[in-house]
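Sharing a structure below in structure tokens format, with a few things to ask.
Labels run A, B, C, D and E following the written order; every chain starts at residue 1.
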Amino acid sequence: TSAPSVAAALALPRERGWLRITGLDNRAVAELGKRLGVHPLVLEDILNPGQRPKAETHASYLFFVVDVPALTEVGLEEVQVSLLVFSDLVVSVEEKPNPFFATVEKRLALGSGRLFQFGSDYLAYALVDAAVDHFFPVLEKLGERLEGMEEVLLQQHDQILPQLHQLRRDLLRLRRSLWPLREAVGALLREESPLLSPEVRVFVRDVQDHVLYLLDILESYRETAASLLELYLSTVAQRTNEVMKVLTVIGTIFLPLTFIVGVYGMNFQHMPELAWPWAYPALWAIMVVLALGMLRAFRRRGWL
Amino acid sequence: TSAPSVAAALALPRERGWLRITGLDNRAVAELGKRLGVHPLVLEDILNPGQRPKAETHASYLFFVVDVPALTEVGLEEVQVSLLVFSDLVVSVEEKPNPFFATVEKRLALGSGRLFQFGSDYLAYALVDAAVDHFFPVLEKLGERLEGMEEVLLQQHDQILPQLHQLRRDLLRLRRSLWPLREAVGALLREESPLLSPEVRVFVRDVQDHVLYLLDILESYRETAASLLELYLSTVAQRTNEVMKVLTVIGTIFLPLTFIVGVYGMNFQHMPELAWPWAYPALWAIMVVLALGMLRAFRRRGWL
Amino acid sequence: TSAPSVAAALALPRERGWLRITGLDNRAVAELGKRLGVHPLVLEDILNPGQRPKAETHASYLFFVVDVPALTEVGLEEVQVSLLVFSDLVVSVEEKPNPFFATVEKRLALGSGRLFQFGSDYLAYALVDAAVDHFFPVLEKLGERLEGMEEVLLQQHDQILPQLHQLRRDLLRLRRSLWPLREAVGALLREESPLLSPEVRVFVRDVQDHVLYLLDILESYRETAASLLELYLSTVAQRTNEVMKVLTVIGTIFLPLTFIVGVYGMNFQHMPELAWPWAYPALWAIMVVLALGMLRAFRRRGWL
Amino acid sequence: TSAPSVAAALALPRERGWLRITGLDNRAVAELGKRLGVHPLVLEDILNPGQRPKAETHASYLFFVVDVPALTEVGLEEVQVSLLVFSDLVVSVEEKPNPFFATVEKRLALGSGRLFQFGSDYLAYALVDAAVDHFFPVLEKLGERLEGMEEVLLQQHDQILPQLHQLRRDLLRLRRSLWPLREAVGALLREESPLLSPEVRVFVRDVQDHVLYLLDILESYRETAASLLELYLSTVAQRTNEVMKVLTVIGTIFLPLTFIVGVYGMNFQHMPELAWPWAYPALWAIMVVLALGMLRAFRRRGWL
Amino acid sequence: TSAPSVAAALALPRERGWLRITGLDNRAVAELGKRLGVHPLVLEDILNPGQRPKAETHASYLFFVVDVPALTEVGLEEVQVSLLVFSDLVVSVEEKPNPFFATVEKRLALGSGRLFQFGSDYLAYALVDAAVDHFFPVLEKLGERLEGMEEVLLQQHDQILPQLHQLRRDLLRLRRSLWPLREAVGALLREESPLLSPEVRVFVRDVQDHVLYLLDILESYRETAASLLELYLSTVAQRTNEVMKVLTVIGTIFLPLTFIVGVYGMNFQHMPELAWPWAYPALWAIMVVLALGMLRAFRRRGWL
């Protein structure tokens, strides 16, 4: 299908070459796909959220899927955004209402800048770029939480473990979105589609840089989280060791002394020591010397 | 052999180009292989279950092996499915009776859709796709078990270790099926076999996406399981530490006090304190002060 | 050297194109190498066991080295097998007497099947295949040992650690044989040597599949062994924790009680309680209430 | 734009083809970028510090970004240095005042050596080389700290954990600068830009060697740090074990003895032993024998 | 420069095309480099020991750097050996006096064998081979130490940790020498330099095999060392657990008994039991039954 006919084939409202569909309306998408000649498998991918991010080059259009994380009040949530890039039209299908494309809409409303100079490929770039930009605040937030945990951990509050585990799972989830995204953008840059002009290709390379940068940060967060858990375990082990030492010192000092006083609490009729007038103070002296000797031995071993 | 002769060479019952063999009947397969000109090594692979998933391009046919996991009541079980794709016939050999191809059979019975438009390569795709689709519920089940363990773990039930170990082994086993499957489908897409039409190639790419997605999930489950074990170990270490502290506090408070009361239980004839009228209440006062002082010291160290 | 001359150049006894040398007889190998025009470095590799498995393509011959593990009564032992594949002769040099090639010899003695249809490359394939097949029982044995350990571990016998360590070393050793073997067979398949006919190439691909399959199993055994050690450590940590709790419960209950009875064992002359008639049963009542209260507190904390 | 016009187009002060801008003056950079025909995305990268190191080949210039670590009094800090290499001009933009290029400036002031023989590409090389050279003292410093920790650790000072964690994070951060730098220099060497003369290419290869060397050191530091933490944990575990043994020995010896003396402290009217004249010395003898027997048993078990 | 002129350009003493320089004499090397037309960066690499092993192909010479480990009495030491291979001359620069090339010198002195048949590339190969051969005894030594540790570890001597850490660092250091060496030799084999004749190329491939083999051994040593540390930690954990159990058994048996005897050591005037004639033997009976009951309970729990 030639370029003008695609745009003309649609009786739907559209805005400067961008048809935006929010929510997964099966019938509307199927109807649209039929008119635009989109492959049934592509339509299936659009309508089933939870797809792996990817880029596909078809004869008359490019197909692109991104999973964008959104910070809701409940936690981390992923929203699938699918793009169909024709030569004169971009169709975006978003799984749920979201604020990802607010900036692009504003720029279009202002009628300013490059969005009008270039074709639909630049618009598609602008949308992907806006989506990728939403990873940054999410990662930043997780990074802040990591730093917070680090401080808390060194002050021995113990509620940190489940939180750290949750954070690691969130990072894992983000990686599951970012890693295939990297491949997808790379595939787009490698393939020679006439739908992607050299001018816009430079911008796509910039998106690629962002994704690589996000992955760098993500990996170093993951390593920091792992090292934090190790730090936690080391701290616990060290504290247990310290507590053990105190217990040992106490046991070592008082158990023998308690034995000694027990000896002279026995009721044998023939215990000559009990009658000696200086026995009691002498025993005190012996016990003090014994206790001090043991304390000294511990200090030499480094247990005090 | 030219395409029609392959179909004609068989006097066996067949159904729209699909010859389905369930159970490993050595003689039947050998006979069939001979008539269809299948390489002896391929027949050997078909008859020996436990093969590594793979795809091989031969002159007149494609050979494809998948290991499909099935959730039985005993546990995870693997069923080998082998496909021989000729230009006008698909031969499937399944190790055991199984429900994998029920949907494909239904679509054939209904006589509907694409299964009749395209050739045997599309049928083969439909079978592989149906097989790969059976990984999803298995992984989902394992994912649910992982989540269940996570909740149980934080409530300190201790029967979780063998279960977690079992889960990790199941994931390892699934990976042993999925990883080579990824290579196999990739090899099919790379090689230029005339048996695979460009239309069906698009569908095979979709299977590839599914396999990659399954691998993504699998790897993140494996990491979650590993992190769960670490969480468990940390929790145990922390609890041991807590228990140690209680023990130390008790020892530290009562051992000295028990020593003191032991001293005045001694039977020396010359112990002046025993005769003092206010000695007993004074000793109680001293012991209470001592105990409170030690409690305060522990609170400062953060042991209470 | 042309093909017939190689065979004719030898006055040594030979059997259908296969010259088998068992034991490393330096002089014989050197003499043979000279007559057949083998490179000195290749002869060196043949005579020094412990080589890395590899494949080399020379002008008039292929050189192939495999390390085959053998289960002896002492433990795991490796036997180096070197193959020189000429166009009409295969020379095999085995480090020690071994049963690896018994099946090939039997097939030759029976004069049956493909061994006579194809040339020396098929014979070489049959030998490599027989060698690779000897990895399977070894791995199976190690797998059985792993499973045995798993059961033992959960029943708390403690002699398992050195055995597990030994098993991991055996797996490491097998990997050192298998990993380069994979590269070697791969190199053979990539290079275009006229000594390897397309018919036999299919069989070599089958050997490659076996090696990949062995590596898959090996890696999953290695992971299982690692996870087994983690399971062991977790079990030990959990048991230590359980033991600690019992100790703490005992200490917490009996230390205060022992202190109390110590108090009334003191010999002060002025202890009014000692004279009260209901003091003794009252003290028992107090102590029972105290013990029950502490037991209840522990149950609430989950320590019992 | 031809080479002379670029240089002529600037009314800014410049020094032998090198325009050095310190601090991120948005207006000045934008103005300069416009005059020199620099792509807006490149200007954006220059003005937003914290970019991933990279090299980009544009039509009339090369763009290069490095993150250089600087040891300040507070800690590790990263300074972004961006280079625009035209055929007769190098523009460097540094995020903050820094000492990185002092040596290059000195060599220019002296008017000596190769800096005048070659073109702007050699100057660019000299700048990148000077920047990369600043990684060495930073890594050396971290290496010294690692060695210091090692000594401290074996002498059981316990403040080492947070420091070790900090060091690991610093190494992680350096890796985030070095790893993409390696790719960037590699990309420069692979691409065939006319802006990079073969003579200077040799020097760039030298920078590549330095980066690889830095990465080697970095990775081995990271492994040493990890192994240091393991060493720490092992040391703590061993010390806990040692302390436990002492506690057990004491408990095992004194608890039975204390029980025995407790028995003869009971006040039953009918205890025949109490009246025996040799009972007291006999009891002492029994207790000494018991204690020595237990000590011997411990020595056999290796607990003393 | 043509081949004869290089040899003639030197007025230095030389021996059959091999100029050997021991120690880093800056002036001599600079002078020599100037006469032979060596690139300044190459001279710099020669004079600064601690370079990353590498191979560089220049127009009229090959440059090769190896770091050879030497076992001195103090510990592991690395000696840098640089080779410049011209068409009729090999210049070797060794950082320190060393025994690496003794065998090559002897073969030259004997005037025997291949060293005279081939050109300077064979001589260079012989030198690199001699250098690589010095890795074997070092690795063997470390392997012996590893095995020694394994035996010691299972007999519970505790000085093993710092030694194991040291060994791991040595292995890490060797890897830093071997890994780039592998790349260097690989680069030499890939590049098509006329300075490397096909005959010698076969020998270089042999060196490559050696390096790969060394790396295999090294990696398996590293894994063995890691697994040894885990074994150590498991052993310590198990021993702590065993010690804990003994402590618990003692506490559980003697604390209640001590409490009971304490009860009857109290001095209340109204304790009816004290007057019963059979109270004392009855109490003994009760205590024995109690102790045996507890012992039985422990045996059932597997604590004895």
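Just so it is clear, contacts are C-beta pairs under 8 Å (C-beta built on N, C-alpha and C of every residue); 3 or more make two chains touch, one makes a residue touch a chain.
Note that the structure is a prediction, hence the values are computed from the model and not measured.
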Fill in: Chain hops separating chain C from chain B, counting only touching neighbours
1
Worksheet item: If chain A and chain D share one sequence, what is the angle of the rotation that overlays their CA atoms, in steps of 5 degrees?
Response: 70
Worksheet item: If you average the CA atoms of chain A and of chain E, how many Å lie between those two points?
Response: 37
Worksheet item: Where the centres are mean C-alpha positions, what is the separation of chain D from chain E, in Å?
Response: 23
Discussion item. I need the residues of chain D touching at least two other chains; which ones are they?
Written reply: 233, 237, 240, 244, 247, 251, 255, 258, 262, 265-267, 271
Practice prompt. Could you give the sequence of chains met when travelling the ring from chain A by way of chain D?
Written response: A, D, E, C, B
Practice prompt. Could you pull out which chain D residues touch chain E in their complex?
Written response: 150, 154, 202-203, 205-206, 209, 212-213, 216-217, 220, 223-224, 227-228, 230-231, 233-235, 237-238, 240-242, 244-245, 247-248, 251-252, 255-256, 258-259, 262-263, 265-271, 302-303
Worksheet entry | chain B contact footprint on chain A (complex, rising order) | 39, 41, 51-52, 54, 56, 156, 158, 161-162, 165, 168-169, 172-173, 175-176, 179-180, 229, 232-233, 236-237, 239-240, 243-244, 246-247, 250-251, 254-255, 257-258, 261-262, 264-267, 271, 273-280, 283
